[in-house]
Each structure stands twice: as C-alpha cells, then as structure tokens.
Amino acid sequence: MKQWDLTHIDRRVIYLLVLLALSIPLALEYALKPARMEAAERAFAVVQDLEAKPGELAFMSLDFGPNSLAENKPQAEVVLEHLLRKRIPVALYSQYYLAEPFLESIPKTVVGRLEKEILGHFWEYGRDWVNLGYRPGGSVMLQNIAKSADLAELFKTDARGNNLRELPIFKGVAGLESVKLLAEFTSLVGGLDSFLQFFQKKGYRPFFIHGCTSITIPQAFIYLDSGQLKGLLEGIAGAAWYSLLLERAYPQRRPDAAQIINTGLGVAHMVVIALVLLGNVGFLIRGRN
Amino acid sequence: MGAAGVYSDVWTIATILVGGVATLAIFSFLIKENPFFRFFEHIYIGIAAGLGVVVTLKNFLWPKIFVPLFGLDLVRFPDSTSAGVYNRGFLLYLAPMLFGLLYYFIYSKKYSWLAKLVIGVSLGASGGLAFQGFFNQMLPQLASSFKPLVVYGSEGWNIGRSFSNSFFVFTLICVMYYFFFSFRRKTATLDKISVAGRWLMMVCFGAYFGSTVMARMALLVERLQFLLGDWRQALLLLVLGA
Amino acid sequence: MNYRFRLIRIFTFLGGIYFFLQYVLPAKLGPFTFGKYHEEISNGFILMGAMAVGLGLINLLMVHGSRLVFRRTGWVNSAALLLAMALMIVITAADWLRTQKIAAQAAGLDMLAQFSRRISSDYQSQRTDVLPFWERNRLLLEAGSSQLAVVYESLEAAANLAGRSTDPALKTRLSAGLQETAAHLKETESLLKELELESSTASSMSPNEDLARALGRLQVSWRELLGLQYASSITRKVYDFLYQGLFMSLGAAMFALLGFYIASAAYRAFRLRSAESGLMMAAALVVMLGQIPLGVWIWYGFPELRLWLLQIPSTAASRAIEMGAAIAGLVMAFRMWLSIEPESFR
Amino acid sequence: MTGLEHATLGVLLLIGLIIGPVLVYIERARRDRNLYVRRLPGVDAIDEAAGRSAEIGKPLVFTSGLTSIGPILYACLGVLFYVARKAARYKLRLLAPQCDPTVMAVIEETVRDAYRSEGRLAFFDPQSIRFLSDEQFAFAAGYMGLVQREQIAAAFLFGSFAAESLLLAEAGQQVGAMQVAATTSPEQVAFFICSCDYTLIGEELFGASAYLSREPVQLGSLYGQDRAKLVFMVLIVIGVLIATWNQSLAPYFWGPGAGLIPDVMYWLHYELWAT
C-alpha cells in the first residue's frame, strides 16, 4: 500500500465526495443560510410592492427544459409563491415546448404547499392562476401580445381547453397594460432578448424580473444595469435568497427546495475548491522534497 | 409531480422505475466500465437511432416535402371544387431526393466516386452559405467591440468603466495577435504581447470552467432529486406492493 | 486531372453558387427577385442530406447485425440495441400515425367550415363557374351529417373511457371535454338544418357564416377530446415509457455525469505548474467562490469580481478566438467551394 | 439577431479584403516553398501519439464530435488524412466513431483516400468508421464504451464540441491514452486543456493541416488569413479611437455635440449593416 499522496487521490473518492456533498442536504432536507443577493432582493421588492386591481394580472413565462430544471424551477416556484400569497392572479405560459409539463406541475406544487400551510385558504385554477400552455412562434407571438387590445381574444383558450372569456381571471383584462409584471425564467439568452425587445408597447412596459442560470448571469447583468430588468434571480443562489426573504416576510413558512439545493451546490463547490487546494498543497510539498 | 394521483397508473410507475435504473446504470460507469452500463449504452443508442429516423420523417420529410409534393395540403370540397391549386414545381423535389441516393455508392468499390458528387455538392453548399453566416455573426460583434477607452459620466471621469473598456480592448488585441501564424516576432515586445494573449485566454478558460461547475452540479442535483424522490417512492411502492 | 475529378469540382461549385449569389446580389435584379424560392431551395438541400439517414442505420445494422449473427462477444447487447431500435421505430411511428389521424379527423370539420364560408363568399361575389349555392348547401348538409355521425360515435367511445377510467383527473377532464363537445355538436346540428336548400335567392348568407363558426368551435373541442382519449391509450403509454423512462433519463444521466467529471478534472489539472495553469486555476477559483455563499462570507467582493472576469476578459478573449476562427473558416469555405486544393488531398 | 439577407457594398469590400490576400499568397507560396510558420506544439504531438500507438499496438481514435458538414469539418479532414496515412503505414487500427451520416460519408472517403495514397487500400476496414448516434449524449455514451473496451492508445478530438467534450476527453484520460484535441468553441477548450495532453485552440485547428502538409495552397491561405485578420484588427483600433474621441474626449473639450469627427465606423455600422 502506497503512502497517502495528495496529488493522486483516486478519482472514485472524488466522485464519492461530490455525491455526498450534493445528496446529504437533499436527503436530510438541511439548509444553510444563503448569501445575500442584491439583484434578487430587488426582484423581491418589485413583487412585494406590486398591487393588482381587478382585471390586472402577472405574466410568468417558463422557458426552460430539463437541462436547467435544477436552477430555473426553484426560481419559478418562489416567485409564483410570492405572487399567490399576495393574491395577484398569474397567467403561466411558455415559449419552449419542453417546458410544457412544468406549467401544470409547478403551480400545483406551490398551491399544494400554500394550502397546507395556510389552512382554510384556497387558490383556485381559473381565478388565481391559469395555464396558457406552450405557444409557438417565438418573438412573433410576443409582438402579437404587445399589439393585442384583448388578450383573451388573442390566446382564446387555456391549455386545458377552457374558453378564456369564461375564466374569472380574465374578466376585465384588456391588452398589455393589464399585465403588471412579467417574470421570465430561462437558460437561453435569446429568449430574454426577445422579451426585452418586444414585450412592451408605446408608453408602457410591465415590470420585468428575470431568472437566469449561472452561465447566463453576465449577459443578464447588462440588462439589470441598464434598468430594463427590475430584478434578477441569479441561478439557484438568487432563488435561495428570495426564499429566505419570503420566510422573513411570512414567518410560518418552511424552508423549501431552493435553499436545500443551494446548500448542496454550495457544499459541492467547496469540495471542488478544497480538492484543488489539497492537490496544490501536495504538489508543493512534493516539489520541496 | 404530486404524489397520490401520479402513482395510480402502472405505466407511470414503470416509467419512473426504469428511469432510475437507467440513471444508475450510467452512473455505474464512474466505478468502471461494466456489463450493466454496456447494456444500457446499447439500448440508448438503439432508441436514439429509432427515434431519429421517425423524427426526420415526421418533422421534415413529411410536412416539408411529401405533403406539398403529393398535394396533401389541398382541401377538396364535397362539390369537388378545391381550395388552392397543386403546384407542379414541387415535383422538382424529386431531383435532390434521387441525387441524395448517390450517398449509398460509398459502399461500392467501383462507383464510390459517384458518392463524391453528392458530397461535393453538400460541401459546396456549406461553403456558399458561409458568407452570409460569417457577416451576420461577425459584424455585430465587431461593432460592439468599439468601446471608448475613456468614459466620462455625469459625475466626471468614470475610472472603473474606463479601465474595464481599456482592458477589454487590450485583451481583444492581444489574443488576436496570439493567433498570427505567419509573422516572425522580431522584438521582445511583440513576443510579450503574444504571451499576454495566451495568459488572458487562460483566464477566460478558467472563468468559463468555474461558471460551468454550477450548471453541471445543478444537473446532477436534478438527477439525485429524482432518485431520492419520485424513484424512491415508486420503488417503495413496488417493494411493499401497495 | 481526370474527368471524374473535374466533374466533382463542377458539382461542388454548383452546390454553392446559389447561396453565394443569393447573399452577394441585391434582392432585386431587374425582373428577378432573388430569394423568392429560398425556403424551397434550402429544403431541397436538406432533403439531399436527409437521404443519408439510411447510412447510419446500415452501419448500425452491419456492425451489430454481424455481431449477433456470428455470436461474437457482446452479441446480447447488440441484440438489445437492434430490438430497442425496432421497437422505438414502431412505437414512434404508431404514435405519429395516431396523432396524424386525429388531425385528419379534425381537418374534416375544418374543411366543412371552409366550404360553408366559401359558399357564402362565392354567392356574394356572384361566381358563376360553380354550382348554385342551394345545391352546394345540399352537398354540405350531406357531408356534414355524415361527419357529425362520426363525432357522435367518438363521443360514445369517450364516455365509455370516462366510465372505465380510475384516474380522477382524467375523468374530470374527459367529462368536461365531453360536455363541451356535445354542446358544440348540438349547436352545429341545428345550424346545419337552417341552411337554405330551396330558394334561388337567399336573403342573407348568415346561416352559412354561423355554421362555419360553429364548426370551428366543434373542431377545437373535438380535437382536444380525441387527444385526451389518445393520451390514455397503450400506444401513448409505451411511447412515454420509452421516451421519458429510457431516452430522457439516459440523456439526463449522461449530462449529470459531467458533475462528477468536472470535479475530478479540476482536481487533476489545476496545479501551480506554470503561470498559465496558475492563472487558469485562479480564475476558476474566483468564479466558483463568486457563486456560492462561502465566497461572500470570505470576501464580499467575490461575486462582483466574478462578474467582471466573465464580462470583460472572458468575453474579449472568446470574441477574439471566435473572430479568428470565423475568418479562417470563411477562407476555408471559399477554398472548399472553389475546390482550391492541393492534389494530394481528395 | 437575424441579420442581413443580402450583402451591401461594404460587405463586398470586406469579402475582397479577406479573399484577395489569400489568392495572392497562394500564388506566392507556390513559388517560395519555405514560408515561415510558427511552431504549433500540439501538431508535433500528433506524430508522437501515432508513434506511441504503433509502439504498444493499440488502436487510434479520431472523432470530429458534433461537427456538421462545413469549413470546420474540412479543416479537420486535413489532419484526419495525415493521421490515416500514418495508420496505414504502420498498420494501426484507426477507429472513427460518427454522429452524422453525411459527415460519415465524407470521413469514410477521406480515410479510404489516405489508405489508397499509401498503397494499402486492402487494409482499409469500413467497419472502423462506426456510426454511433446522432443524439449528442448517446454518441458520448457509445464513445465512452468504445474507448474503454478497445483500450485505445491515442485519441484525436478535432472539430466542434459541446457539453459532451469532457465526457469524451475523460474517457480517454481514464484508459491512459495520449490525447490531442482541437476546437473552435471557447467554452469547451478549458475541459480539453484539463483532460488532454495537447489542445489546439480556435484558429490553430485551421493552421494544423497547413503546418503538417506544408502544401503551398494551405500555407498560402494561412498567410492570407493572417492579413485579413490584420484588417479586422486595424478596424477595431480605428473604431475604438473614434468611439473614444466622439463619446468622451470631444464632448469634454468642445461640449456636447461639437467637434465630432466623421465616423468611419458609422459607415460600417449603418451603411454596411442596415438595409
């Protein structure tokens, strides 16, 4: 048996460490306090100050597939939860066909959790939220939304086939000016670009908050700096901080997946950093001998 | 996915179960290559090949070629009038179709040069297409590189942005310089620019590496969540026979 | 240079000439409008490439088929591969055909709606080269009645399914769909009866217009119902099993492997061997520290430094790399198109 | 951004500035065969890897990853041709896993030509050009299995790669193969640097074939390409200087809107770019 060599740790040991770092917080539902994210705090403030009169609603576009699920889904969940807590009606929609199942599953989980936490309160489909489904057409569709004077006419039916005119959520909804907030979650830079460009009309632009993945943070920050984005959830860290802010605002709330996943990812990063440092320590010691 | 309703269906449970088994099979490669991985590797390739064939037919050949070619999109009314007229021009699609069949001559020893004809056409086409692609990609990038080296804001000289812009341009020039193959570097300064270019590239690669760590770990978390969540529940259901 | 080589050169040149000219020449050149058939021409080229799909299949069949036939090592896996491929082709094709059939059924109603609208517009524009409108209405009634009979039949099947289903969610969705479709069906039926079949001058064509709208509504809800029915069929479930259970899971697992590999690659490669590897390591560490809570606790500036690294030097360096490669690529493309090649190669 | 459907006059000028020098230098290279080319260590490693493979008698792997038919593939073919000739000469097994049927046809023709040019066509085994899958990760899974089962001695990863780059490179690393990689995607270079012995970055992929063959056509176009790049560099310098003057210095010295110099880059931006 050879001596412990820090420069040649077996790769399987490394795999095991990564696996443990990620799965222990998941299995134990354990969460560390996330770091403060200023951009996410701005997003939180936007939603917190939002008020919707009858005939007004928020738009959420979930444009992510299975590949960025782990980062985008917790973001969508915390923002949706915040909106529902504030009783702001939400219309969910997607430009990306792979996101279709999440338009149903995410609101259902969030509503389920809320109804368990706040007994006696209910969030109903068609009144508090609606699933407009996947809509192909990309930026052309966005231009149509911006031009439309009657969104119920434009979208016609929801994903379940209901006539939008018959749903209470669309009562009194006119064109884009009825949309108070747009929240978009994606790992694709192109998707964000076309929303910034087309989801507005002369003299009116809804508040725009965005959830991006860790890879696209640099591009998203350009728009945050220019003021086109009013808030930004930066990867899982942004979602975790948002989740903590929710906990502070609603003390009976329990920690959710965002903070747990954030803990796991943080620990996994620390494992990688520690391994790199260890390898270098071993390398330097060996060099000296 | 919510709990109770989803598990009522045998097929859904089977789908979740096999998903977990497949995931573990792939992960087993981490220990070493083994028959379990090998089996699922072959299944994966088989399924992808089958899917690919039908998807080509379903998403391209059928709607874009066969439907207009056979005039299947023309509506015939009960009084035998119809909306739209058949365009015979679509018969021209038969030409690339037959020509594309020349690819199969690569299996012939004697006539394999015929396959080179169709290969040539596809190389030529991608060559011709490259011009538009190049300018549409490069010109916006070029224009957005014109950053002022000195920036004055409303509060006077903005040192931070001036430095960032200058550093951006410096990096751009150094790295571009590194890629000159044919100029002899006669002076030490020019040599240093090239070295700086290489170092700055390493910073870029390191930064990309670091930011990718998060994305890859996040994908792994998603799989672990699935294994510890849906899959564990489905497995329990199977074992307990509930 | 022999004639084959020359022929290949000519074909290569011809292959690129359209796309080159289409870009280089202005949109309008005398009577010509360049790019009028751009989509069709592009499709032609894609079609040519799509014909090669079989090459991959033949290769797989040769490699794995021979392994299976001669029982060479790994023949069981090869058998699994071929079986999975065949099964996937059959199921995906069946799934496609079923959805195609649903679309075709719904299109039948859509055709009637178009016909009804056309009868009205032809009457208003006093077209004479078609049958008089009352006779066309009679044909419409005939075709419509038989179409509606088909819808009736499928409603029964859907009601049956709703009765048998144990899934409460599916049950409610089915019965909602049934109700809606039945309502639209009634409406369409009564409108069909109001069509003008006798008189040679109609006071208004509004029955035809109303019918077209009703048919449109019926089409939407019926299609939804058929889709719902299909979603609970065995074909669809086997497809989901193969697609979600195997294909997507295997892809996600392969992608997730990268999480392990990236850690071991970082450990192995990030060493202070030279200035280059040191810089790469430092940049990676800063970026990693900038995206986790630990980094912020060590120094508040890590996230900002991370952002700066990615926005300024990384963007500039990767832009320079891409620019250089793109220029080289363009030169290569030009050589490729005109076959400016050394003789030793090709 | 969808960009322009048709070129403008300015674009035509730029095309001339890029292509012109290439044609001139190809002519020059035909006359002067000793043109200078900077040393590329990664390219020297190609010989080393082939030699190693011959020493231990295990196969070589060449993959162009997700590259589709186009200039990048064409650049890889030069290297493949070189590697395949070596394989033919030393009677090595050369495996070429594929993910695109049309590319497979091109690769097969190139390898066949290489064997023919060594007079060893009889040794060419069509089954060594193996189609794996056109699905990114199914291809990667097949590649990983192949590399492990064949215990390869050397791997060449040339072309366009995406997220699967690290999977491919780690597979080779695990069996101790000597690996040379080359890619134009900046995001993937880092992973190759971590797992391969030599990595050619960006444009070096295009330079490799010229360096190996020292053919006048390839050397000449390398020279021309450098001059074209110089044009772009000069454009950037001019553009930056004008931007600095017009956006910062002129408003500072002369007040807003005054003292601006006519913008060549405005021409580039609008005349050239907008329709």
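Think of it as A, B, C and D in the order they're written, each chain with its own count starting at 1.
We adopt the following convention: a contact is a pair of C-beta atoms (placed from the backbone, for glycine too) under 8 Å apart; a residue touches a chain by one contact, two chains touch by 3 or more.
Remember, it's a predicted structure, so these values are computed and weren't measured experimentally.
**Student:** Could you work out how many touching-chain steps separate chain A from chain D at minimum?
**Tutor:** The distance in steps between these two chains is 2.
**Student:** If you tally contacting C-beta pairs, which pair wins, B-D or B-C?
**Tutor:** B-C
**Student:** With centres defined by CA atoms only, which chain is the most remote from chain B?
**Tutor:** Centre of mass proxy via C-alpha means gives A as farthest from chain B.
**Student:** From the mean C-alpha coordinate of chain B to that of chain C, what's the distance rounded to whole Å?
**Tutor:** 15
**Student:** Just give me the whole-number Å value for how far the CA centre of chain A lies from that of chain C.
**Tutor:** 26
**Student:** On chain A, where are the residues touching two or more other chains?
**Tutor:** 11, 15, 18-19, 22, 66-67, 214, 217, 235, 265, 268-269, 272
**Student:** Pull out every residue in chain D that's touching 2 or more other chains.
**Tutor:** 5, 7, 15, 69-71, 74, 101-102, 105, 134-135, 137-138, 141, 186-187, 189-191, 193-194, 201-203, 207, 229, 232
**Student:** Which chain C residues reach two or more other chains?
**Tutor:** In chain C, residues 22-24, 49, 52-56, 60, 248, 250, 252, 254-255, 257-260, 262-264, 266, 268, 270, 280-281, 284-285, 288, 291, 310-311, 314-315, 317-318, 321-324, 327, 329-330, 333-334, 336 touch at least two other chains, as defined above.
**Student:** Going by the touch definition at the top, which pairs of chains touch each other?
**Tutor:** All touching pairs, sorted by chain label, are A-B, A-C, B-C, B-D, C-D.
**Student:** Going by the contact rule at the top, pick out the chain A residues touching chain C in the complex.
**Tutor:** 7, 9, 11, 14-15, 17-19, 22, 32-36, 66-67, 157, 160-161, 214, 217-218, 221-222, 235, 237, 262, 265-266, 268-273, 275-276, 278-280, 283-284
**Student:** In their shared complex, at which residues does chain C touch chain D?
**Tutor:** For this pair, the touching residues of chain C are 22-27, 34-35, 49, 52-56, 59-60, 62-63, 250-251, 254-255, 257-258, 261-262, 264-266, 268-270, 280, 284, 317-318, 321-325, 327-336, 340-342, 344-346.
**Student:** Spell out the residues on chain B that touch chain A in their complex, using ranges where they run on.
**Tutor:** Against chain A, chain B makes touches at 1-2, 30-31, 211-215, 217-222, 224-225, 228.
**Student:** Considering only the defined contacts, which chain D positions touch chain C in the complex?
**Tutor:** Contacts found on chain D: 5-7, 12, 15, 18-19, 22, 26, 69-72, 74-75, 77-78, 81, 98, 101-102, 104-105, 110, 113, 117, 127, 129-131, 134-138, 140-141, 163-164, 166-167, 170, 184, 186-187, 189-191, 193-195, 201-203, 205-207, 213, 215-218, 221, 224-225, 228-229, 232.
**Student:** Across the complex, what residues on chain A touch chain B?
**Tutor:** 12, 15, 18-19, 22-23, 26-27, 66-71, 105, 108-109, 112, 213-215, 217, 235-236, 257, 261, 264-265, 268-269, 272
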